[in-house]
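Chain nomenclature is as follows: A, B, C, D and E, assigned in order of appearance, with residue numbering initiated at 1 for each chain independently.
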Amino acid sequence: MFNLKKYRKRSPWILHYNAGSCNGCDIEILASLSPKYDLERFGIINTGNPKQSDIFLVTGPVTYRSRERLIELYIQMPEPKVVVAVGSCSCTGGVFRGMYNVEDGVDRYIPVDVYISGCATSPELIIDGLVKGLEILEKKTKSMEKPSKLFKDTTSREGIVSRRESALRVGEERDEEN
Amino acid sequence: MLEAVVVIIAPIIGGLIYGFERVVCARMQNRQGPPLLQPFYDMGKLIDKQALIINPYHSILGIMHFVTLWVVVAFIILGQNLLYVIFLHLLSSIFLILAGFSVKSIFSHIGANRELMSVIAYEPILIMLAVGFYLINGSFDISVIRDNPPQILQLFFLFLAFLMVIQIKLKKSPFDATEAHQEIVGGVEIEFSGVFFEFLYMAKWLEYVFVYLLLSLFAGDNLALGFGLFIGVFFLVNLVDNATARIKINHLIKIVLMIGLTFGMLNLVGLSYV
Amino acid sequence: MKKIEVTLNNVREEILEFYDAKKWHFLTLNGVALEDEKTEIQWIFSQYEAFDEIVIMFAEIACGDVVPSIVDIVPSAIISQREFVDMFGIEVDGSEKGLYLDQDSLQMPLSSCKV
Amino acid sequence: MKKTIDIPLGSQHISLLEPVRFKFECENEKIIGVDSDVGFVHRGIEHACTTKFKFDGIGYVVARICGLCAITHSLTYTAGIEKLLGGEITQKAKYLRILLLELDRIHSHMLCLSHTCENAGFEAMFMRIMGDREIIMEIQELLTGNRVQFDFISIGGVNRDLDASRAKEIIIKLEIVKQKVLGYIDVFTNNWSLSLKFQGVGALSLDEAYRFNAIGPLARASGLNIDVRNEIDYLPFFELGFVMQTHTDGDINARNLVRLNEILNSLEMCNNTLEGLPEGDIFTKLKGKPKGEVLVRLEAPRGELMYYIKGGGKSMLERVRIKTPTFSSIPAFSHIFVGENYADAPAILASFDPCLACTAK
Amino acid sequence: MFNSFFKAFTNLFKKPQTIKYPATPIEKDKDFRGLIEYEQEECIYCLKCEKACPPGAILFVSVENPPNNEKNKKGLKYHYNPYLCIYCSECVRACPKPNEALWQSNKKPPIGVKEDEVNGVL
């Protein structure tokens, strides 16, 4: 009869959480709700209520204090759901990478489906990302993805040292220069 | 037979009104807005969504709210007694309020509280409305009211008061403190999810059917006038929604009770003397 | 920018005498880690409607010292004091820890003191 | 039943962009106590500024403290470094800096106003202001190549030049914005439901403003003359027509009006900047490493921003202390909430225009 | 209040401000600060860009088969992570051969999906 799955794509409700961003990306999310970009065209509503949301927009590199809340919100959202990391700093930590109170990106904690880069992203990119997120949402099963434990193995592949380590290495070089 | 069909498709009509309203609202805000059938897309999605049950009462009360509301709408369409309609409607609101109180979330409580207060604010107007109709038609039966000529002129003040009820029921500013997305995240709705939220969502559509059906009673047997009233009020309500901010619940009660009671009384007194 | 040296013992009197809420604006409480596990603590004030009139009262303190609170004189200092406690791990009278840092964060990140 | 209830607001809440948690202790719906937790966004930028980045890259890092006043952060920092290096930048660079500073103020104030409206339940106004704000965003994109994080300022000047044809284009756009802002003033002063929501709500008296060291529009709405633009001579604000905007009521309405008037003033300043844009270079190379200590302040959209920089003649600095506007307003905020109705809390909160991103750094 | 009322009414008959974004693409300004692009042939491997980059989005890492360029003495390969980049353009300003070896294009930053492992490796 009906294929209910196709409706997922047409009525994605979003939940937005700021896990320590600079607000730059948050105001762009707000701007994409504004008349010029009007996310409501796609049926998107900013619900602010995890229990009724399908898309989880996370900004910010995840600070120590916000991580519990992040996971809590993720778990409260009913399946199927898609997590979208908005902005460079929620993808990889961005400029905050390696600071002592941040965790270098949302995917250290919860499985992220779409990464939107840019610092700050623009509404245009957010729409691109959401469109991609909707494709994924349509295919998703209802089984829960486990929130991943901190720090997946990020070390070498193909004999290349990890970015994290080389970043540290660069830092050392800088010190030597002085 | 026709009536039975109308009763069954009542939620769909409500959904269409709601969808249309969202488009109109968006256009008033200078943006494109969602597609017309958006509420049905939402419905499809919500059915598909995993539902988290907080506690059985909560979910059941939500469904009861929807079912009683449907019965209310059916009663109006079938031309039953107006008083029954109003009391049944009260019952459905009470289910919602109970649902709000049955969970731990503080926002749900506040929402339920506000819902309760708004019931106090608009219920007298509805009852006076029924009395008004009784005074004119000599009967509470909706079928009788529908067979008589338009009564909007005799009940003009009550009609004005009823406009405020529409704003409250449809959660339109300035009288939308019960939902207040920015303060209490939707109030009573907050803990519902998936299919259960779906019932609440459809109840909202029925609410549209309910108020606009009541509105059409003012037009009596004149269908064209009824339709005209619906269109006129529909736009008026949305324009006001887009021109005002939300007022606080205590202001709401004050304003609605004051204006509503004076207008209602005025009208009733006038009616009984004429 | 004027710097006035004070000590932890007389800082409260100095500020009490100096601070006039209608004239001076309390900017912030600042700390600077110095060598030898010393910390310079600065109370910074600026004058309303004057060109860059800034007064810094500073004191050099050691790791174990307890800094007196000035919240009763300047109520808005409360938040800077809490931040100072977190960042430098130096006790300030009546200010609790935990404004920013959690149990498992790096503690007293800006301090030069050894744990 | 317990007499009071605790209503949490945050850390994730639709009326908040940022994670901050307020716990309102309420009697019925009246707030009798507030507890706030502002540490959700603490990232450790001050620490990183002295351990991870060299002084010439920090301008881009501190800009990421806050997206709304990124320009103020990088400008204040850069000004501090320029003072330490002891160089003078060209007049044109100064003008361009002011231009961007004021544009940023305009868009930030517009965002705040629209947010206040939304939190007051006036969605149409929110959409209207947000829609018009896009014009400013477009101007900013024209000028700097990005909508939010401008990365426009570097030590010694600015990164991009502005040619005459673009300047003209911008002047035309600013005129449109001005007309729109005049329209808002009308709404904010005459709308019945807004006045019910805003007038007399969340008031801060002048004495309290002094006592809690309020800053920015919050203080100016209470009649306290504090605006850093009035107290520094590092950038030629007066030359470009800066006038301080104050109000005396101290309630939400007054704050909105102060912001609206400031937008008008800033538009005027932008216009003057564009019309009087001097010729010349936009960049002067400054040599050396920062040594010594310096304290610089600048007026961000939300009030006074202060940087204390201490350098030891190396490329790593010794101390960067950032005091942000919202941070020092928190005592005043908490004070205002007490005695108000919970239903007003989101609107009051938005009227402070808090930015927790910078509070916790 | 009547002004807003009227405004809402007139808006009803106006063309909405909304742009149809994914359907009609947005033309990017030529000065838009987009992706950093690199030309291996022109690079002189001075590593100034790597040092200037605040978040460390540009890295030269030693790999087994480095690109051949006589300047490349250490056997390095350029790596750029657009998900880490903050598009500040510092690298271009630091580069001795801007617009030849390294430049900022006006292309939009990319959108990644889970399989890209944007945060995992490198």
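Basically, a contact is a pair of C-beta atoms (placed from the backbone, for glycine too) under 8 Å apart; a residue touches a chain by one contact, two chains touch by 3 or more.
None of the values given here were measured: they were computed from a predicted structure.
> Among the other chains, which touch chain A and chain E together?
Under the touch definition, chain A and chain E have B, D as mutual neighbours.
> Could you tell me which chain lies farthest from chain B when each chain's centre is the average position of its Cα atoms?
C
> Whole-Å distance, chain B centre to chain E centre, using C-alpha means?
About 51 Å, centre to centre.
> Between chain C and chain E, what distance separates the C-alpha centroids? Give it in angstrom.
42
> For chain D and chain E, what's the span in angstrom between their mean Cα positions?
About 27 Å, centre to centre.
> Using the average of all C-alpha atoms in each chain as its centre, how far is it in Å between chain C and chain D?
Inter-chain centre distance comes to 25 Å.
> Which chain B residues sit where two or more other chains touch them?
26, 28-33, 181, 185, 242-244, in rising order.
> Would you pick out the residues of chain D that each touch at least 2 other chains?
Within chain D, residues 13-15, 39, 42, 44, 47, 60-61, 64, 124-125, 127-128, 131, 146, 149, 191-193, 360 contact more than one other chain.
> Two-or-more-chain contact residues of chain E, please, as numbers and ranges.
In chain E, residues 1, 4, 7-8, 16-18, 54, 86-88 touch at least two other chains, as defined above.
> Which of the chains are touching one another, listed as pairs?
Pairs satisfying the touch definition: A-B, A-C, A-D, A-E, B-D, B-E, C-D, D-E.
> Give every residue of chain D touching chain B within the complex, in rising order.
Residues in contact with chain B: 5-8, 13-15, 29, 117-125, 127-128, 131, 191-194, 196-197, 341-346.
> Which of the residues in chain E come into contact with chain A in the complex?
16-19, 21-22, 26, 50-51, 54-56, 59, 61, 63-64, 81-88, 108-114, 116, 118-122
> In the complex of these two chains, what residues of chain A are touching chain D?
15-28, 30-31, 33-36, 46-50, 60-61, 63-66, 69, 73, 89, 94-96, 98-102, 119-120, 122, 171, 174-175, 177-178
> So in the complex, which bits of chain A are touching chain C?
Chain A reaches chain C through residues 64-65, 100-101.
> Show which residues of chain B lie in contact with chain D when the two form their complex.
Answer in residue numbers: 28-31, 106-107, 109-110, 173-174, 176-177, 180-183, 185, 241-251.
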